[in-house]
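Next up, some structures in structure tokens.
Two complexes, one shared chain (chain A), two partners (chain B, chain C).
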Partner chain A sequence: MVNIMNKEEYKKLVKKYEPKKNNCMSLLISFLVGGLIGFIGQVIVNILITSFGIAKMDAYAWSCIIIIASGSLLTALGFFDSWVGKVKAGLIIPTTGFSHSVTSAALDYRKEGLITGLGSNFFKLAGSVILYGVISAFFLCILEVIIHG
Partner chain B sequence: MEYLYAFLFAGVACALAQILFNHTKLTAGHVTSLYTVLGAILSFFGIYEKCLQKFGAGASVLISNFGHMLYTSALEGYKAKGILGIFSELLCKSSAAITAAIVFAFVFSFIFKPRD
Partner chain C sequence: MASYKFKDAYIYDFYSIAGPLESKGLIKKYDYCLNDYYFGEKTFEMAEVKMQQTVIDKLLFNNDLTDEYIDLIVGGDLLNQIVATTYNSKKYNIPLLGVYSACATFVESLIVGSNFISNKMGHNVIAITSSHNLTAEKQFRYPIEYGGIKYPTNTFTSTGSAGAILSNKGKIKIESATIGKVIDMGIKDANHMGAVMAPAAADTISRHLSDLKRDINYYDLILTGDLGLIGVDILKEYLNKVYNIKLKKHMDSGCEIFSQEQDVNAGASGPVALPLVLFNKVLKSSKYKKILIVGTGSLHNTTLVNQKNSIPAIAHAVSLEVL
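After this line comes the complex of A and B, so read on.
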């Protein structure tokens, strides 16, 4: 005899086995980790300005490159994936998320070939950021030009 | 004091994204794209520039800064060269971030092996 569950029962069953999300905890962790990355960025910027005498705008660009490089390195070493699973937004919203998605795609698809694997899948995850960033910036710029001449 | 501001701004932005993750079915791709577009829109209204001045690296480490850089370099391109400038300078400032991500990802993918 086939036991056909109705939708209500099924929903209850699904809810029972769903991993419980600890909302408050994940919020706090994201806040702390995201804040920490902002703090580290500020430390890097200030060190570059005071110790190396780099101009302010260049220091921001350097800090961006350093954070991307360290995010990329941590992904390649295999730490980042488990961290992203735990922290989520705290690591994805800073630029580390961008470098993580590019690096993990590069690592995963390299064995499928340099062109068909690495090349064609490189921007699989980060492509949407670049695409929608460029599209929105372009049309907002056109809008600004139309409004203010 | 600027360290505290940087901490708070980046922290709050990440916490807001975490709320989106917890209460909607959006994936990481959705949220990062949303933040980038949001950065461009805030830059359009001149808000992101003020955020950068007040919160420093707290605003510059976020992915929204990418949208801000795209928009400001497009606008500067327009002021310098007209419509052609929008096309030719749009990626100017964010080139550092994109190039760094591509170079490091490519090099590291040859040095390290994927783990599962």
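After this line comes the complex of A and C, so read on.
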């Protein structure tokens, strides 16, 4: 005896067994971790300005470089992989996420050659960040011109 | 009808290799365990090839056989163009038939191989499969070191390789088989393969039982492939609701390899998951006499999943009798 179950009924059956995702908790963790990275960046800026006498604009650039480099280094050492699973988007949204995505792609594809492997796959994941970053920057600039003239 | 009985087809010997994480899991009796994912090779892909070669070498060595005694290799893996199997086979002077059913590949190899043995078209056939967590991860998901978000429904591709010599003598009889149909219940989530594969497993189990006019209790154990912790619950309810079959004496390979502390979400997957559990837990325990193994494969492809197509699945079943 076969009872036929349609796709909608099956989807309901599947849904019943899917563990509930705790989105609020993920949001909170991401917010705190992302904020913490921002805080660390600001601390680096302040140290650079007060202890090394670097100009404010340069200090921001250096802070960015330090964050990106450490993101890259931690990816290569294999920490990031498991951390992202725990802290969700908190590590992906800041610049650390960008450096993480290019470093992980570079690590994977370097054995397939400098051009055919590393070069062509370097921005495999980060490509979307660049593309949509540039597009949104473009529209924000237009908005800025409209508002402030 | 797609169920067939075999004549004088047996598993003569088997051998398996497990990866570093698998060997720290629930099963302790693997024939050989890897210490790292490279296995002395430069790339993970070549490590997977070497795992398969080691399995075949050991099968030949342990049974005092050489290339010329083996009539055929039947095998497959998860890599594009099943390269682990093809690159492995170039070492041997043995004809090759490559097969692919994703994680049901090993069961498919058993069916194809047994058919040759049963029809006296060969004396010894090797069935082989492998999977490697990192090569599969790279191919189906993100770069290895990339920390993509893992969902509780995600399964973890197990690392290892397993092979068996099929022959017309042996202690484990390959009694019959049911070839799976491709079933698509409209699930589009590649992170929930248990849900994708459960209907295919249910369909194959019910067809196997009705074709051969058997009751589910005929078997001492139904060993499904890699449905995982969530997929098992779905299978049980689906089987009960649609086919009125109550699954009791059941084990899922996905739930038997890793322990809960190993942080693998819904459990193990990959074509090697089923033979690892079958060889190292089920057959070595010699508790079960009549075993139905149901390999389940999610036939997805990243391009078609990104194009928003639903994912089809297949399940092949083989009935084994331990003599």
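Remarks
As a convention for this text, the second predicted complex is superposed on the first by the 123 of 149 C-alpha atoms of A that agree within 3 Å, B and C clash if a C-alpha of one lies under 4 Å from a C-alpha of the other, contacts with A are read in each partner's own complex, and residues count from 1 in each chain.
Throughout what follows, a contact is a pair of C-beta atoms (placed from the backbone, for glycine too) under 8 Å apart; a residue touches a chain by one contact, two chains touch by 3 or more.
All of these numbers come straight from a predicted model, not from anything done at the bench.
Partner contacting the larger number of chain A residues, of chain B and chain C: B. Of the two partner chains, chain B is the only one touched by A:Ile93; chain C is not.
Of the two partner chains placed by superposition, only chain B is touched by A:Cys64; chain C is not.
In the overlay built on the shared chain, the residue A:Leu48 is in contact with neither chain B nor chain C. In the overlay built on the shared chain, the residue A:Ala126 is in contact with chain B alone; chain C does not reach it. Shared-chain residue A:Tyr10: touches chain C; no touch with chain B. Legend: residue contacts after superposition of the two complexes on their common chain; A:Glu144 is shown touching chain B, with no touch to chain C. Residue contacts after overlaying the shared chain place A:Asp108 against chain B and chain C alike.
Applying the stated contact rule after C-alpha superposition, one finds that A:Gly85 touches chain C and leaves chain B untouched. The contact surfaces that chain B and chain C form on chain A in the two complexes overlap at residues 21, 75-76, 78, 81, 88-89, 92, 101, 103-105, 107-108, 111, 125. Chain A makes touch with chain B in their complex at residues 21, 23, 26-28, 30-39, 41-46, 60-61, 63-65, 67-69, 72-73, 75-78, 81, 88-90, 92-95, 97-99, 101-108, 110-111, 118, 122, 125-126, 128-134, 136-138, 140-145. In the complex of the two chains, the chain A residues touching chain C come out as 1-5, 7, 10-11, 13-14, 16-19, 21, 75-76, 78, 80-85, 88-89, 91-92, 100-101, 103-105, 107-109, 111, 124-125.
Contact residues of chain B toward chain A in the complex are 2-3, 6-15, 17-22, 28-29, 31-33, 35-37, 39-41, 43-44, 55-58, 60-63, 65-67, 70-71, 74-75, 78, 86, 90-91, 93-94, 96-98, 100-102, 104-106, 108-115. Residues 42-43, 138, 142-153, 185-187, 192, 195, 199, 206, 230, 233-234, 237-238, 241-244, 263 of chain C touch chain A in their complex.
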